[in-house]
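Okay, got some structures for you below.
Shared between the two complexes below is chain A, which has chain B as its partner in the first and chain C in the second.
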Partner chain A sequence: MAADTSRSVAKAADGETTLAARGPSRTTAKNAGSPRGGLRRALATHWYAWTMAAPVVLVLGVIVGWPLVRGIYLSLTNANERNVARTIGVRHIDATYEFVGLDNYTEVLGDPVFWQRLVWTVVWTVACVSLTFVLGLTLATMLNRQFRGRAAYRMALILPWAVPGFVSVFAWRFLFNRDNGILNKVLDGGGISAIPWLDDPTWAKLSVIAVNVWLGIPFMMVALLGGLQSIPGELYEAAEMDGAGPWQRFRHITLPGLRAVSMTVILLSTIWTFNMFPVIFLLTRGGPGDSTEILVTQAFREAFIASPRDFAGSATWGVLILGLLMIFALVYRRSLRKQGEVW
Partner chain B sequence: MRRGIAATALVATLALAATACGGDTKDDGGQKAGGELSGTVTWWDTSNDAEKASFQKIAEAFTAKHPKVTVKYVNVPYGDAQNKVKNAFSSGADAPDVIRADVGWVADFASLGYLDEVPADTAKKIDTEFLPQAAASGRFEGKTYAVPQVIDTLGLFYNKKMLADAGVQPPKTLEELKAAATAIKAKTGKTGLYLRGDDSYWFLPFIYGEGGDLVDAKTKTVTVDNAAGVKGFKAARDLVTSGAAVTNATDGWTNMQTAFKSGEVAMMINGPWAVADSYAGDQFKDKSNLGVAPVPAGSAKAGAPQGGHDLAVYAGSKNTAAAHAFVEYMTSQEVQVQSAKDLSLLPTRTAAYEQPDVKSSEMVQFFKPAVDKAVERAWIPENGSLFEPLKVEYTKAVTGASTPEDAAKAAGTEFRKILKGWK
Partner chain C sequence: MTVTTNETQAARPRGSRSPLASFALHATLVVASVIAVFPVLWILLTSLKPAKYAITTDFVKEPTLSNYSHLLEDSHFLSWFWNSVLVAGVTTVLGVFIAATTGYAVSRFKFPGMKPLMWTLLITQMFPMAILIVPLYNLMGDLGLLNQPLGLIITYLTIAVPFCAWMMKGFFDTIPVEIDESGRVDGLNPFGTFWRLILPLAKPGLAVTGFYAFITAWGEVAYASAFMVGEENLTLAGGLQTFVTQYTSNWGAMSAASVLIAIPAAVFFLFAQRHLVAGMTAGATKG
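Now for the complex of A and B:
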């Protein structure tokens, strides 16, 4: 629908002749010969579509476009808490920050901290997404058959999704507590000495991944379950008739059948995990030390921990994160297209 | 009596309802023609769970003096407070009129133009009637922006019974601390010390103990990574590796208090603000079981940081007259004596120490000399923000993720990023 509209608008813009045939004849006669008339006629013709789209365009412009442009602009300045405009009661202080070009980018990219964070962010994303996908697919396959109490199992497995994220993370934090947490109490009962879940860099990394996987599985499972149910049962019957084993059926029917769904959920999940602020921040605050800090939590640190708050530096991190994700999405799309997937 | 209170409250509510519309919008809001204060004062308090009920009661009692003023008490957890206050102050929306600021934040907020100067007569009183080192924390570039509410420092809290069972005296040095911890482990099976690994404020005694400091503001030099600084990191790390202390990289406050109150550890380093909470624990049902000693000395001396909290008024408050009056009340002698009695917090007014309730408090008796000797911190705007990078490196050092040398060096590098142009 949207594509249709825009195509006809584009056509409208490029010439009178095409439009003359399409538009109502009355307006065509009046405005023939002037390019401005073409635009007006296009608006007149498609006024309804324009009106319907306007609120969306406006809202997106205000809540996405403007902050984005502003963020990119800030990343090219030296704005911080001391020199931005602010109003304190009746007193207004004007902004005094300056344009500094790409200085912030050279500074961030020249700092080993950025690259350390990037490496861990990639490891974290790949680990989380692949584990979530594999476990989600396993559970979806198990649930995609008739058995007693199926609804109950589905409910139980979707539960982590229904609990607000920060609540789950805090619950996990209590479980992980080394001195008083349930996990270590259980281990202690089994004669295993306490594990420093959040106190040791390696364990802390495993812990945050575990929590994120736990939180991410319901989404994967539901999406893949939907995909599984859209695969026609006859394919399996036919394959079984031809003597294909369970693994062969999974490999040659299920996986290709899930392709469209899984490509989408992997892309979404990757973007979410890459920017998964709450799990890391609430569980470990990036610690112990800075070992679980990912790019977004580091950007938060840049903006809100140091004083004066470095808005320009934080914007720079934000723009870099956005850039990385856009590159990823482009490459991903291209590789899909090569495989014949239209996206 | 009870009816009297109810009647007063009713009158106050009616009066407030009658004046509410005017009070909020006028620039001189809060100051009525007759000089009587009115309106609402919102106070953001950062005191901990054990303290907050007491402070809320004290704050709300302000209406007994100024019936037309409503005090809106809000408790903001200390850990998030600096950020929340900054967000509120910079946007102006729903900003509190009065905040309880850690002494390390005052210069920061003042340098950003967020704080209203203390009225001249109050400032004069701060110069003459308050402890000089407490007063210093409220000043920035020659002007006074905050009134000291409480002052504190760190000490070594110990479980008298556990130490007696192990046959050891409260340790005076780190060597003695390790020996005591060994004896405690042998006799009772418990650990000697809980060392907070997730907050760098608790690290300061170790760096001071070796004769170091975070920065030297006079010469604009970062000193955390000098030889003394490295020794400080080593001393803290050594306590953990030798088994004398246990530590955590997360939830340190809760774990420390739980372990100490339940007798899992015999000692901890903490300040007067932990006294009320400690008394609530099983081990200290008998209050006399809680002992306090100076922090153990390192190779150079025993040193603990001067801390505390100041009350300050937001420069954008619509009700500055009432807000300043509230601050004056909250830092008055009666209120300070009250919080010394209820919560063992140390007054900032010199004369308060003459009051019987304060004199008789064992904790005050211990902490007052300790505060007098405490190391005064550099009251620079960046003071508060040094603790975050220091925390990262300190945690790495005590948990063994990094060597003391690397941790000190990395902390120095981060400090120089914050303190632009410092050596």
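Now for the complex of A and C:
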């Protein structure tokens, strides 16, 4: 079973276009005795499902599969702004870039910059996800109780999620402003000297994490609150009768009851955070220097900010990021399966 | 903070909380709420101050709407807004339309190729834009679609389609299979069942999925920054960046624009949020 799933992951990676073709061929293999009859039978049984799935498979094949294949190809060339096909006025210039094999990969992997970015990206992801989860769970457990004003607190705490992300990030940039931001003015009023929120590498790292946690808590909180409400209250009553303390009840009822939801939201927020482009790009542009640059913003920088624009380099970073995420998803799934989850 | 949680954790009978615990609960929630609301509130207040006072710490100072009139009259805000509405709106409609039947198929049928399809949908969602952005950029360049809303719409479909299919599977899963069965008994084929019975029932789910796709496209930054250049062609995400560059900071206009972008989104959102989470986690946990 495990082997089977890992196979489908690997397949999904090498292009969605083959998906439609894969179904019948697999069925054929199953009914090895009469391949043609098997295929016909499969078509007769499944053609509804295949027809319904076809639009997505086609669209993804064209606008995701093809660019993906092309991206992987670009990462094996030396394409940049100067040698790709382009049109200047009415004159069309053909592409002159060449296939260079794995040169880009050896270059990127041999460069300490990649490893620095990777370490910071992992630190950033782990810090953001764990803080968001712990704080989200804390707030969710609090909101799960009966008390006056609950709806108002809930509304207030969800607000950061309701505002488009890029707007919030600009709001924070305004608050963080070194000379005129409200945070430093308040500190100044308390006699504390201004903090260079976005101008010092360490503070900038703390600032981007803080903003991302601020942005991420509402989703986490609402999802976990939903999970908490689905845990039957009788369990708590029974446990209390048996003399279990609050911590024991939390540990043995709440946490196991939240497993399915937690696993999902942790997976989702890990992927989102790993790829979180806007927070870093809009708050610090990867700076000061390159101290807050994560892998995704680095890939963007290679293709759209660096001069000359390095398309092949950017594609290489992209492929490496995708590879890392797929390994992560695979390991995550494995570990869940070991613990008996069906996901 | 964690200690408070642990102690106040379980659902004790009402009224058994000590005054101290009650105080700690409210104190924590008040602090958290202030942190959550303050940045948004502060931008709202700033937008109502004359631009020259934007960076003062006074909560209210000579309230005026001058930032708004300046924004609407002297900037390209309205064209950015229109571009964003156009791009996000068309993306949403197309995304929901393309993904609806697939969401139904993966929810109801077990067919060869379903597992890889589910995996593809999941993996496509975790695609960093980094892997697709360069090929799509070159492709749009070749097709002359850079700086065109259509180019951005096609690009956003790469995000919206797998996402919508995934969400809708979650919603279709919540509709009892008995309804399909009764449709089949009455002689409907699967398309008929889907179209006549399930789709009308799934309307709230479709609306939520569409809404989610809309705000995702509405808030997208990377593709919008790379593909759209030139003042009038920007979407809101790109336009807002022009107010606060490395050298100039027009905080007055920025705050007014932020409010105009955020308020409609926030109002909608606060109505829809319950369903948003239900749909997403349902799709993912049962996937």
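The rule is short, and it goes like this: the second predicted complex is superposed on the first by the 295 of 343 C-alpha atoms of A that agree within 3 Å, B and C clash if a C-alpha of one lies under 4 Å from a C-alpha of the other, contacts with A are read in each partner's own complex, and residues count from 1 in each chain.
We take it that contacts are C-beta pairs under 8 Å (C-beta built on N, C-alpha and C of every residue); 3 or more make two chains touch, one makes a residue touch a chain.
From a predicted model like this one, the values you see are computed outputs, not experimental measurements.
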Practice task
Considering only the touch criterion stated at the top, classify A:R70 as touching first (chain B), second (chain C), both, or neither.
Solution key: second
Exercise for the section: Would you sort A:L206 into first (chain B), second (chain C), both or neither based on which partner it touches? Expected result: neither
Exercise for the section: Tell me which partner A:R91 touches in the superposition: chain B (first), chain C (second), both or neither. Expected result: first
Handout entry: Partner touching more residues of chain A, whether chain B or chain C
Key = C
Exercise for the section: Return first, second, both or neither, reflecting whether A:L159 touches chain B, chain C, both chains, or no partner chain. Expected result: second
Practice task
Look at A:F304 in the shared chain and tell me whether it touches chain B only, chain C only, both, or neither; answer first, second, both or neither.
Solution key: both
Handout entry: chain B versus chain C as contact partner of A:S168, first or second or both or neither
Key = second
Exercise for the section: State whether A:N177 touches chain B only (first), chain C only (second), both chains, or neither. Expected result: both
Exercise for the section: Considering only touches as defined above, state whether A:A44 meets chain B (first), chain C (second), both or neither. Expected result: neither
Problem - On chain A, positions contacted by chain B and by chain C - result: 86, 173, 177, 180, 304
Practice task
Spell out the residues on chain A that touch chain B in their complex, using ranges where they run on.
Solution key: 81-82, 86-91, 93, 173, 177-180, 196, 198-201, 204, 284-291, 301, 304-309
Practice task
Name, in rising order, each residue of chain C that touches chain A in their complex.
Solution key: 1-2, 4-12, 14, 17, 22, 25-26, 28-29, 32-33, 35-37, 39-40, 42-43, 46, 55, 57, 98-99, 101-102, 104-106, 109, 111-117, 119-139, 141-142, 154-155, 157-158, 161-162, 165, 189-191, 194, 215, 218-219, 221-222, 225-226, 236-237, 240-241, 244, 249, 251, 254-255, 258, 261-262, 265-266, 269-270, 273-274, 276-278, 280-281, 284-285, 287
Problem - chain A residues touching chain C - in the complex, by the definition given at the top - result: 5, 8-9, 11-13, 16, 19-20, 22-24, 26-27, 42, 45-46, 48-53, 55-57, 59-60, 63-64, 66-68, 70-71, 74, 84-86, 134-135, 137-139, 141-147, 149, 153, 155-168, 170-175, 177, 180-182, 185-186, 214, 217-219, 222-223, 226-227, 233, 236, 239-240, 246-247, 249-250, 253-254, 260-261, 263-265, 267-268, 271, 274-275, 277-278, 281-282, 295-296, 299-300, 303-304, 311, 314-315, 317-319, 321-322, 325-326, 329, 343
Handout entry: For the chain B and chain A complex, residues of the former touching the latter
Key = 27, 83, 86, 89-90, 92, 108, 111-114, 197-198, 246-251, 254-255, 258-259, 264, 314-318, 381-382, 384-385, 388-389, 392-393, 395-396, 399, 401-402, 418
